[in-house]
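Structure provided below as structure tokens; questions to follow.
We just call them A, B, C and D in the order they show up, numbering each chain from 1.
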Amino acid sequence: MIPRYSRPEMVAIWSPETKFRIWFEIEAHACDALAELGVIPKEAAKTIWDKGGKATFDVARIDEIEAVTKHDVIAFLTHLAEIVGPDARFVHQGMTSSDVLDTTLNIQLVRAADIMLAGVDRVLAALKTRAFEHKDTVRIGRSHGIHAEPTTMGLTFARFYAEMDRNRARLVAARKEIATGAISGAVGTFANIDPRVEEHVCTALGLVPEPVSTQVIPRDRHAMFFATLGVIASSIENVAIEIRHMQRTEVLEAEEFFSPGQKGSSAMPHKRNPVLTENLTGLARLVRMSVVPALENVALWHERDISHSSVERAIGPDTTVTLDFALHRLAGVIEKLVVYPENMEKNLNKFRGLVHSQRVLLALTQAGVSREDSYRLVQRNAMKVWEEGKDFLEELLADQEVRAALSEEDIREKFDLGYHTKHVDTIFKRVFGNA
Amino acid sequence: MIPRYSRPEMVAIWSPETKFRIWFEIEAHACDALAELGVIPKEAAKTIWDKGGKATFDVARIDEIEAVTKHDVIAFLTHLAEIVGPDARFVHQGMTSSDVLDTTLNIQLVRAADIMLAGVDRVLAALKTRAFEHKDTVRIGRSHGIHAEPTTMGLTFARFYAEMDRNRARLVAARKEIATGAISGAVGTFANIDPRVEEHVCTALGLVPEPVSTQVIPRDRHAMFFATLGVIASSIENVAIEIRHMQRTEVLEAEEFFSPGQKGSSAMPHKRNPVLTENLTGLARLVRMSVVPALENVALWHERDISHSSVERAIGPDTTVTLDFALHRLAGVIEKLVVYPENMEKNLNKFRGLVHSQRVLLALTQAGVSREDSYRLVQRNAMKVWEEGKDFLEELLADQEVRAALSEEDIREKFDLGYHTKHVDTIFKRVFGNA
Amino acid sequence: MIPRYSRPEMVAIWSPETKFRIWFEIEAHACDALAELGVIPKEAAKTIWDKGGKATFDVARIDEIEAVTKHDVIAFLTHLAEIVGPDARFVHQGMTSSDVLDTTLNIQLVRAADIMLAGVDRVLAALKTRAFEHKDTVRIGRSHGIHAEPTTMGLTFARFYAEMDRNRARLVAARKEIATGAISGAVGTFANIDPRVEEHVCTALGLVPEPVSTQVIPRDRHAMFFATLGVIASSIENVAIEIRHMQRTEVLEAEEFFSPGQKGSSAMPHKRNPVLTENLTGLARLVRMSVVPALENVALWHERDISHSSVERAIGPDTTVTLDFALHRLAGVIEKLVVYPENMEKNLNKFRGLVHSQRVLLALTQAGVSREDSYRLVQRNAMKVWEEGKDFLEELLADQEVRAALSEEDIREKFDLGYHTKHVDTIFKRVFGNA
Amino acid sequence: MIPRYSRPEMVAIWSPETKFRIWFEIEAHACDALAELGVIPKEAAKTIWDKGGKATFDVARIDEIEAVTKHDVIAFLTHLAEIVGPDARFVHQGMTSSDVLDTTLNIQLVRAADIMLAGVDRVLAALKTRAFEHKDTVRIGRSHGIHAEPTTMGLTFARFYAEMDRNRARLVAARKEIATGAISGAVGTFANIDPRVEEHVCTALGLVPEPVSTQVIPRDRHAMFFATLGVIASSIENVAIEIRHMQRTEVLEAEEFFSPGQKGSSAMPHKRNPVLTENLTGLARLVRMSVVPALENVALWHERDISHSSVERAIGPDTTVTLDFALHRLAGVIEKLVVYPENMEKNLNKFRGLVHSQRVLLALTQAGVSREDSYRLVQRNAMKVWEEGKDFLEELLADQEVRAALSEEDIREKFDLGYHTKHVDTIFKRVFGNA
């Protein structure tokens, strides 16, 4: 977790304070259920809530105890006993540490997912606004980095919207994957604790009971969760790469917003670098790198080993914090992106008329020229534009073989930009609905 | 794709013959729609279906043409023209190669998903059968590879069932991710082709039109697809590792089925190695290795670059073929797994009574002994079993401090195995329902 | 292994024929050593060489036997016995299958490394030639995709040369990593075979005896090998990305060679896409994806498990074949790259004079202006060029505050391109030596 | 970077204080060289050393400035000016930020490598000690987790030593990879700074000048560095997995040292879990996860983009801190590992005599029995041991067909353990030399 790539809201989820608070709530809810079942006294459960509920857990004190016991949950329970008094002996009855730890991790991941969903929503809102703003801003579509046919800037935003909207659905599914809890004891048999305790605790905390757990909640869930974050990060990279390309000196169709006080370079004061989107490219790598260890975490030995734990201590906070930050950075970039329609037009016209070659090819075919001949005719004239800087329209009009198949009017009609944008509304309807 | 780790059914999806057949169907369906829209003659569309529908495409001939044109779709269309005759000029009108290629890839992935779903179902059936067979076969539960508390072999199968069932749902979702098609032209604007052609082709082929495409279908879909396969592979590894552990010489609670003619080792004839599950461990790595390149494929330049293509040529077939094979290998291993309940019992009793320590600890606490003292008392007696091979029950009965809190009857009752299996039915109901 | 991304020379290394030939040689060399030690008759060793040396091993027959024995080495030895006759019983004495398999794998990897070294050398030669050819071809250096200061195309080639030269050294080291053999028996103790057999076989086959093996050669060696291939692939991507950027329509400083018969697109005949370097970008991902499974292969259980084997069956051939192909594709691209110096000049001058801002900044500082003021002055004038299309030199000459510090001559001198290329020779000497 | 998996010595390398100190040293050494070349006054260089050398840089103040300038090096230089006074204007002349940042990163990595080398040395020392201690402690060698033939615990330690010794050599090579510096200006042409400055600074700081840089030092170097750390981590996992297996309840051939105050489980006080080696398994995953992003960092756009930077901010500290911690944790585990030779003997004898089957097989072959018959005979008797718990020696002595080939004495001799350990000294000499 790198401070400069962190937002406090997400960082707070992973603080010791939050963790101990969740531990307490799990234990206290379990006490309620145990009291209800008659296993422990109801007054004890009440005392635990009363004293623990308003207590501030002393992280330093817990660390101190853990230094001796080398066991974090025992350290916490010892500290809790200091706060609650004798009734603390009813806490954690029949439970195992992992009941607390695993349920807590999932609560943290659920909260993290909720925050990230808000981040995705901000990205979506920005993309939608910019998409409608530039629905009809024509620019050249490119494949292989080479000019192809006209499209609009709005379509670019719209496809990022559609992609991010899929990511939203994936994140909702991923959240569901890890919204489970387990209070099932040392090997998951509920030998020492009634399954109804698990049900009570999970319901109270917005989770679903894990149908069958061992000592731990199965890690295929977390693997799926982090894999999903990896996909979202890759989509962020996708948008970032587009903007980096647009900001290239030679292209310059858009720029990240450049605040007045900002210095682009210690050496070249005129430079305005797409540093935010470059940064997002790197952050995407950081998010993605958690996918493989999360997958490696799935195969635990028998009812559990603890190899996954150190991995999750790192990727739990780091990956969610980084992705959350990246989402908001991306949203900011999109919201404030400076778009240059005039440069788009300039680029579009760079090879005078060549972008219309596909239409001419089609027209020739439809006029009865064979596919091979049509291709040859178009390529012959296209090459003059490419290599000699000629104007494509003029060349076509002067090409007798072309003219034998197409009239001047026919040919001129092929150079109408409106031809390319006529279905933009259809696509927007598909993406944004009728709103 | 390694022949020994391949099943013909899945391999066939990726053959050139299958590919060209799909290409043809896309083109022919598109012709139907174009004819319906009046763009091309209806007879032409009919001729194309008539002649192409019964033709066998000559892979060698297409390769020959491609060697000259260096373009696969043009090579195919040229060959198609050889078959269909003059009406072939109406084929591919307004389309771009990627319309065909991308839609084809998705059709192949959908078919691959269907085959893999059948594989998952076979695994599920096997797990369910074995789970009920061994529902009450008690064995020691282990955490950290160390004996913990009793569980049953049925619960082990049940949790693998639940995990694989989640994978089934994930695979269904992943199938949906890539069940889209696009016939949207060079940069996705439908400039040269009516969106209704796309709708017709997709419907005819069981796909949904991609709401907004560029030249290609967005690769976040494929990233999600391969990430899902990576999770499934990790679950396979999870089962494989369990079986490998069970087959260890010192544990020997189960063995892969060993066919009479099979030789375990050229040097040690008595050896029966868990080679299938070791192999599955390796295959899981192979499936997983496609996840990162699939994620790296998401960020294409502008409306597309072709960097993703070579990656998909490899991981498309290799990953689906490998995972499909692994699912069936796993199913076979589970179906025929030789389980040794007597060895499970022997292992359970290895440390005479020690597995009941948790219960005794709890009983002491409930009898009013402080948590710290209870822990100390249990550990004191446990260590004698561990280090001196004593019997845990006898030691407890002889420990005056313990006896001060618990009667002999109380203590003996803590050594009842039924205590640990009393909720097995509850868990089975959660996993398998009331069936 | 994808045929279109394969060269026959490398593919041949991984054929069954090659594999069985190596198996035979290991066995036959071992017989020589065993005969020398008096363990088996010298005539037997001779017969084995005589009959096996000229035999063609029948792959189909071996497969047939393996289908029964389910053990590849036993199948081979059975077939060898069919060829050699009764003396075949002296073959494989005291050896274990892995002695043969692991030593063979390493021989294949060594040969693959040698072929890849030749590929690297071809890339190096191409880079060197093009570097000297364009040593003084000035083009704009870019950071963040934004124009920075002038550099030369030769320097670009030179740095790729230096990087690839490091890769050469790494590949030599990686080759050494896996150039070991082991004939040490079932668990590596040489219980049934004299260590001198291992020494003889290794020496005869150009390997070093593995100092301590188990049943297998330790896999940290292979992990290092594949990790090195991953680094080389990433360098290939580095060059590929540079060329893809240069070929962008708006940049167009270079193009992949475009053969006359080649068609760039089925729709847009004028398009010349950087498909080879895009392909290399994808191939780099394919090579890299072997790194993680190779790392996961290191931790084998005890003296060995066979989880690594399926992984190596895939990545052994696939990764070396792909990287080999990529190296030659890259070499071809570089050898024939079409460079456009005139476009480089055009791009350099896009922002009239702005590339010299750093020099002006420095001159101001050296003339006694504070860093902050210098920065402000340069930026003020730079912005006029950027936003209003003014000429930087003229603006500076007209800026009174600038002129207070620098004379016209001083300022003009800062716009000399030679200033930027004056150390090119120094750098070339560092990279290429005095050759 | 997780505090509980960190050692202060390594953490200190990555503190802001250390970073700014290195920045200062680079700038100050550069001033020396610039003064020597007559570019800046010698007194200025002296003043900078005098004032900056004894200053404590105020991290909070620098952060404050950066909040405005959004540029870290400018912020530092501004702060340095506050300390040094007017002569500060001579600092950073002709340099670019990356000259400082990249050279600093490499210095940090070199220091990190040195600390990790010390960690590797501690592991090596521990392994060597334990190897000699248990050189002749016989235990069963296993392949596939199944008993194979006897080996010794010393050989296990020896092979880990050999593997870690290779890692040492790799780490030395990796250190050399990144022990370069660059002071080459905005695009690496030395336009504004003499190459002799770079040489001076590098020499003063123990680095080699990067032969050809762009704005940055090429990232193939760092990719190789992190890939190497990934290999080392995998070797750590290899040792960890071995120990985890040894500590399994059913195997119990060794245990991690268990300190008196330590509690193994909140529920099962007798449990002694291999938590350190399980933890090492997880830490290995964390180290390895940096390899892919480091490879992805190689392909930067043109003379640089900044996508690598955020990645390195994370993996630079995190990966080195984690690996360093893991090395020392591993060393501690090995140093204090509790080995149980008596349990090794017990396990060895689990299948009465079966481990000698390979020797008997060989003896039969050498006595003239065909390979197939020998195999059949051995397997026949082995199965009786395996399935009926018979004694292998007794069965063989009673098998008439076996006795037809081998005398009682012959057979008994095959059951001598010394046969398996006779080459241990040879192997130790290979690994440890004659020391």
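Heads up, the rule we're going with is that a contact is a pair of C-beta atoms (placed from the backbone, for glycine too) under 8 Å apart; a residue touches a chain by one contact, two chains touch by 3 or more.
Molecules present, by chain and UniProt name: A, B, C, D = Adenylosuccinate lyase.
Quick caveat: nothing in here was measured; it's all calculated off a predicted structure.
Student: Identify which chain pair among C-D, B-C or B-D reproduces the interface of A-C, meaning that over half of its contact pairs, matched by residue number, are the same.
Tutor: The same interface as A-C is formed by B-D.
Student: Please tell me whether B-D or A-B has the greater number of C-beta pairs in contact.
Tutor: A-B
Student: Please work out the Cα centroid separation of subunit B and subunit D, and write it as a whole number of Å.
Tutor: Between these chains, centre-to-centre, one finds 33 Å.
Student: How far is the middle of subunit A from the middle of subunit B, if each middle is the mean of its Cα atoms, in Å?
Tutor: So the centre of subunit A lies 24 Å away from the centre of subunit B.
Student: Mind pulling the subunit C residues that touch 2 or more other chains?
Tutor: 77, 142-145, 148-149, 185-186, 192, 244-245, 263, 265, 267-268, 273, 275, 278, 281, 288, 292, 296, 301, 305-306, 358
Student: Give the list of subunit B residues in touch with subunit C in this complex.
Tutor: Listed in rising order, the residues are 2, 4-5, 68-71, 73-74, 77, 92, 95-97, 185-186, 192, 244, 259, 261-263, 265-268, 273, 275, 278-279, 281-283, 285-286, 288-290, 292-293, 296-297, 301, 305-311, 313-314, 318, 322.
Student: For subunit B, which residues count as touching subunit D in their complex?
Tutor: Residues in contact with subunit D: 140, 142-149, 244-245, 247-251, 263, 265, 267-275, 278, 292, 296, 347, 350-351, 354, 357-358, 361, 375, 378-379, 382-383, 385-386.
Student: Could you pull out which subunit B residues touch subunit A in their complex?
Tutor: Listed in rising order, the residues are 77, 81, 89, 93-94, 141-145, 148-151, 155, 158-159, 162-163, 166-167, 170, 173, 177, 185-192, 195, 209, 211-215, 218, 220-221, 223-224, 227-228, 230-231, 233-235, 237-238, 240-242, 245, 281, 284, 288, 291-292, 295-296, 298-306, 358-359, 362, 365-366, 370-371, 419-424, 426-427, 430-431.
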